[in-house]
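Shared between the two complexes below is chain A, which pairs with chain B and chain C, respectively.
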Partner chain A sequence: MSSLQGYVDRRVLLILQDGRAIVGVMAGFDQKSNVVLSDSKERVYSMEEGVEEIPLGLYLVKGDMIILIGELDETLDKAVDLATIRAEPIPPIRY
Partner chain B sequence: MLIFSVFKTLTDQQVTVELKNDLSITGVLKSVDQFLNIRLDNITVLDEARHPHMMAVKNCFIRGSVVRYVQLPAEHVDTQLLEDATRREAQNQIKR
Partner chain C sequence: MLPLSLLNAAQNKPMLVELKNGETCNGHLINCDNFMNITLRDVYQTNSDGDRFWKLKECYIRGSTIKYLRIPDILLDAVKEEQVRAREVGRNTRGAHAGGPGNRGGRGASTRGGRGRGGPMRGGRGRGRGVQ
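Moving on to the complex of A and B:
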């Protein structure tokens, strides 16, 4: 899974099997796509209020929990006012 | 292995990947590996108004095991060749 190399030291968005979204700086990964994130925060989406960011710090996420890794465009991401965004949480994976 | 090869021939084509959480992501296929993990560039999420989560994401890595469908560009798939290759592989399996 050499294709994760380009994401190291970049701010990334992880989407997990249960629908959680975590942003953080990718500190490292291994061949099972386990990922270490530094300065990570969970983004909790809801229709009732804006996006809530919960600081998590240094996190190790097991590869088999991850469904998607996206590179965040930091200027684009900073331009978004999370407090104004209302959205359904990402649905969990159903096999 | 056959499907892996098919995906490799489709790099740099526009595909739509539907995930098992009903999210559909369109983008340019950049690479694929033996687990059918997919890397997409220049992505857009279907129904972006409902799914603003990935607004600031331009390229992504998708785990192969959570992909439900991949919509391929029909003009870039040689179905005749694929059919022949599939039959050949099936024949080889019988011999073994």
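Moving on to the complex of A and C:
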């Protein structure tokens, strides 16, 4: 059985169907992959300026919306200066 | 921790709900169910562009249309503490009534005790416990 249990209390990156990238600590999840993120921040990517981090706090994301969950390598992540990163934002999924 | 237990604990608390179509609803949670259908009171609704607003006294949102909910930070600690407390109570009542019938432990404790008696303390816990 595949499970999200291994991600609990770890800092994770969530990619949503609308192209948003959210990092936060996974506080919990359920059978439908609904996810609770604490201390979460949205990372807004653009080609014009560095990555902008918007604090969001406690978030409950519906499993339907989630495309990807990945564990963040915190040491590596802290070593990166987000202000220097320029990247195309992920476009939303269109049906 | 289960997302739904967090949501249940958020009753009467303010929250922001974004729907899949991008609209948002700001209001206080009245009630919710296991489908994450929710009712909010004193709602400010905005369209997906965020340039038009509506004020609603009350609204119902079907769970399947929700993208995410933004909940007050303090609720996480509140729910965690509550879980610890519930666990303590469970342990105490189980220990006290292991030998005799007794009906003071309440319904929850006695049903659990029934499963737990055969094996070690932890064996009685439901399967659901594995998922935090």
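As a convention for this text, the second predicted complex is superposed on the first by the 91 of 95 C-alpha atoms of A that agree within 3 Å, B and C clash if a C-alpha of one lies under 4 Å from a C-alpha of the other, contacts with A are read in each partner's own complex, and residues count from 1 in each chain.
Following the convention adopted for this analysis, contacts are C-beta pairs under 8 Å (C-beta built on N, C-alpha and C of every residue); 3 or more make two chains touch, one makes a residue touch a chain.
Computed from a prediction, not measured in an experiment: that's the story for all the values here.
Chemist: Looking at chain A, does chain B or chain C touch a larger number of its residues?
Modeler: After superposition, B is the partner touching more of chain A.
Chemist: Once the structures are superposed on A, label A:90 by its partner contacts, choosing first (chain B), second (chain C), both or neither.
Modeler: The first partner, chain B, only.
Chemist: First (chain B), second (chain C), both or neither: which does A:8 touch?
Modeler: second
Chemist: Touch test for A:44: chain B only (first), chain C only (second), both, or neither?
Modeler: neither
Chemist: Should A:56 be classified as contacting the first partner (chain B), the second (chain C), both, or neither?
Modeler: The second partner, chain C, only.
Chemist: Of all the chain A residues, which ones make contact with chain B and with chain C?
Modeler: 3
Chemist: Of all residues in chain C, which touch chain A in the complex?
Modeler: Interface residues on the chain C side: 1-4, 6-7, 20, 22, 36, 63-64, 66-73, 75-76, 130-132.
Chemist: For a test of understanding, state which residues of chain A touch chain B in their complex under the given definition.
Modeler: Against chain B, chain A makes touches at 1-4, 7, 13, 15, 17, 19, 21, 33, 43, 45, 63, 66-74, 76-77, 80, 85, 87-88, 90-95.
Chemist: Once bound in the complex, which stretches of chain A touch chain C?
Modeler: That would be residues 3, 5, 8, 16, 18, 27-31, 34-36, 38, 56-62, 64-65 of chain A.
Chemist: For chain B, which residues count as touching chain A in their complex?
Modeler: Answer in residue numbers: 19-23, 31, 33, 35, 37, 39, 43, 50-63, 66.
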